[in-house]
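Chain lettering (A, B and C) follows the sequence in which the chains are written, and residue indices restart at 1 in each chain.
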Amino acid sequence: MRYYVQRVALAILLLLAVSMLTFGALNVLGDPLFNILGPVAGDVNNPESVEMINAAKREFNLDRSLPVRYGLWVSDFVQGDFGVTFSSTGQPPVSGVISERLPRTISLVVLAQLFAILVSIPWALITASRAGKVSDRISTINAFFLVAMPNFAIAVILKFVFSIKLGWMPLTYTADDPLSSRLFQMVLPALTIGLPVAAVYQRLLRTDLITTLQQDFILLARTKGLSKWRILFVHALRPSLFSFITVVGLNTGALIGGSIVSETVFRIPGIGSTLVESVLRNDFPVVLAIVMIVASSFVIINLLVDFAYTLIDPRVRR
Amino acid sequence: MSTNPNPATPTNSDETIVKKKLGVGFWLCVAWLGLMAFIALFTPLLPLKSPTQNFLDTTNGRPPYSPSWKHWFGTDKDARDVFARTLHGARISLAVGFAAISAGFLVGGTVGLISGYFKGWIDRVSSFVFIVLLSFPSLVLAILLTSLIERSLLTISLVLGLLSIAPVGRLARAATLQFADREFVLAARQIGATNRRIIIKEILPNVAIPMSSLALLGMAVAVVAEGGLSFLGLSVEKGITWGGLIQLGSESSKTLEEAPWIAFFPILMLFLTVLSLNFAGDRVRNYFDVKETTL
Amino acid sequence: MNPLDIVRSEAEPLVETVEIKTHFKTPRGIARAVDGVSIQIRRGQSLGVVGESGSGKTVLSRSIMGLLPRNGVIREGSVRYQGQEIGNRTPKEMRSVWGREMAMIFQDPMTSLNPVMKVGKQITESLRLHLGMSASEAMTIAEKLFRDVRIPEPTRRLNQYPHELSGGMRQRVMIAIAMACGPNMLFADEPTTALDVTVQAQILELISEQKRDRNMSLLLVTHNLGVVAGYTDEIAVMYGGKVVEKAPTKTLFADTKMPYTEALLRSIPRLDQPSHSRLATIPGRPPDIVHPPKGCRFAPRCAYVRDLCLNEEPELQQASTPDHTFRCFYPVGSPEYLERKVELTRKGELVSTGDLS
């Protein structure tokens, strides 16, 4: 019990540190006034501009000190108020923008993980059972190649091959399409981020499987006359999954990062592509909100993975 | 392969140590990397076409021109020579990669060594900082930071360097912890060696071994990270980078369809470079791993 | 079946090996783990295989059962089960034999049981596969098996994981798994070595009982002569990949022929020795199975060695009864043996331990 409490406390501390870092970076390194008003912010001689400047300062609490601003922001944030975006007319609330776009990113990441898991497990089983043979070596080389390709390169190649040359996959994502076609449109983007991690998962699982297969209880299973596939699937797989599950969980954060590129190339309006757009527009409430959401999910997922580990391995259960 | 094919059978024969070689593949990678380094350093001096000049050739129709003897990698929409641009792209991409990992190693390595050796509060603080840095998916943090600063070669390298501090530091710390309690360190302390001397003479050489493979792997990551940033338009201002070239070559489906070479040659160069770094790093790790596991 | 068939099948060995060899390819050369072994085990009979580490005894049992990996293994000779040749069968072909006709139990029950699978399931798996039972039928049988092997509170234990059981109980589970489909032949590979001394006897009794009740044949591999003494009909002593003496148990103890066997017997500590007597050991180390010595493999360590032993390998010969064979030029009781014995006793290098029966 104490263990759980400790970890949760650490996670909260972590989130605070992350938020301070982010908030500080944006406000210290960037110029919020400039972001809001554009060049007008520097125009201190024009009384009209000064008027706008002061209004903005009041509106966004810019005349208060940094720690106070931070405190105000935190209290807003945890209540779900992420402020308003500067750039669009009418200044729609950031939370609206995010709630509209976040589900798309989540679907993308989930799809990518599903794909990676469904591919890597059989792949690992096959290569582990044929360890050292030609097919295994070829697979290792393939995995190496896959990992050496950056996300954006894979995206471009996939787009070229499947959308352009072969015409199998749609080129763009249309938000208004029905769910089934939207999911279909997400296939290539999901593959883009899912393929490299599938290679990583496969490599890890294969190593663990090979270790497990050398254990005595596998030999005993053989003496019971069980078939090769039954031994692999029923006996060898489960004890080998511990590192696998941990890595899958921890990788979710990396996948969120990868979605940034994927969404940009395939033009999916999720929070990844929004982050890039906002950064290029200096729209920092959005940037701040997205970074916090991503970092928070990262921290929370890591925490959950930690806890899940204690549940999965019956030997660790107390 | 183990000398004991049946793990449950007791054998008398000594465990033979399989001879570890770096292998042909390793040297091929080193050759490629050497070539890239050469290109990165000496491109302006080489007899290439200019990367910014428009080689409009009305006899050939409208650009982009496909690969030919005149333009080995073809040209882009503005009739700029892709071959020259790709080679120029190597400069920034590799320079940033190298500088970033060097900075990361310098800072991260030092912090890791010190935390692992002295432990105590230094260790707790630095570990916490590492964890905070690692709480962001790296691309997100990179994007955040590069959006706020003036983007020059130096600053981008520093940002990526900052990102590599945590992983490097963690490894350095773990490796140092392994060695800090060993007898040879205690022995050195007994004869009155200062901490500084112990760290430099006893621990550093041992830690350098696992770190060397991390250097190669880390550089691969840095190159990819820079590629990602430049693809998104967040790398060095007005610089020619592989990521940037790829982005230009793929930003419209039309371009990609009609002139795939614009994007694909930079992709190829990037891929081969990252592959070489990964493979070489892996080989180095395998080569040194034997000693580690038998210790 | 007419009575003559029954008699014949009882007389024919259940398992038989003829000069089998199992060699492993290693970077140092070919390791001759089993180098020409011929044994027969009849229905309901138990054979103990005794030897030091590296004598090839474990490889022997695995070779007979066919459990060796395919790569890097050279096999010669023949292995017959119920008269049929099984030595050249593929693992796929052997799967119908494993579990059903032949079973094996291993030394360390902690590593031999699947740590993340409930023990009940590990038994019902065999039952459902080989005997086609349904889940509930199999559970009932599993419970009965647990009772047979004397695991208290069988119903509760069926749902537990291996790490929740004690070492002795885990070994009982292994025995239950092995017995599940009623095999004709059981290979027990050092079944008690990893257990507490107090539990060892219980497990051996249990194995013995199962063997009797099921008229099962048993091959018991161990380095401990004390274990085989009470629980086997016949004993084969292995050294350097070969059988150096084979005899019915009582005969082996009463009329030992090969000096190695004698040395083994002498090294068993006994209750009736005077206190502080030195424990007799066999000097030297087991032979290198990649480059075995020329001549008798035990010669370098034998107290009674002579020139012939170092140059020529002794063949198997019969002792006073046809079921007692051994390999030695100057066996226990021969003139050369006695001559040397006198010398060594005079020098004080041989401790007399009295009657070994």
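The rule we apply is simple: contacts are C-beta pairs under 8 Å (C-beta built on N, C-alpha and C of every residue); 3 or more make two chains touch, one makes a residue touch a chain.
Not measured: the values here are computed from a predicted model.
When C-beta pairs in contact are tallied for every pair of chains, the largest tally goes to A-B.
Of all chains, C has its CA centroid at the greatest distance from the CA centroid of chain B.
Chain A and chain B have Cα centroids lying 22 Å from one another.
Rounded to a whole number, the gap between the C-alpha centres of chain B and chain C is 57 angstrom.
In chain A, 216, 219 are the positions where the chain touches two or more neighbouring chains simultaneously. Annotation for chain B: residues 1, 8 touch two or more other chains.
The set of chain C residues touching two or more other chains comprises 106.
For chain A in complex with chain B, the residues that touch the partner chain are 14, 17-18, 21-22, 25-26, 29-30, 132, 144-145, 147-153, 156-157, 159-160, 163-165, 171, 214, 216, 219, 253-254, 256-258, 260-261, 264-265, 275-276, 279-280, 282, 287, 291, 294-295, 298-299, 302.
Those residues of chain A whose C-beta lies close enough to touch chain C in the complex are 215-217, 219-228, 234-235, 238-239, 313-315. By the touch criterion given at the top, residues 65, 67, 91, 94-100, 102-104, 106, 108, 111-117, 125-126, 129-130, 161, 163, 174, 177 of chain C touch chain A in their complex. Only residues 1, 7-8, 128, 131-132, 135-140, 143-145, 147-149, 220, 224, 227-228, 231-234, 243, 246-247, 249-250, 253, 256-257, 260, 263, 267, 270-271, 274-275, 278-279, 282 of chain B touch chain A when the two sit together in their complex.
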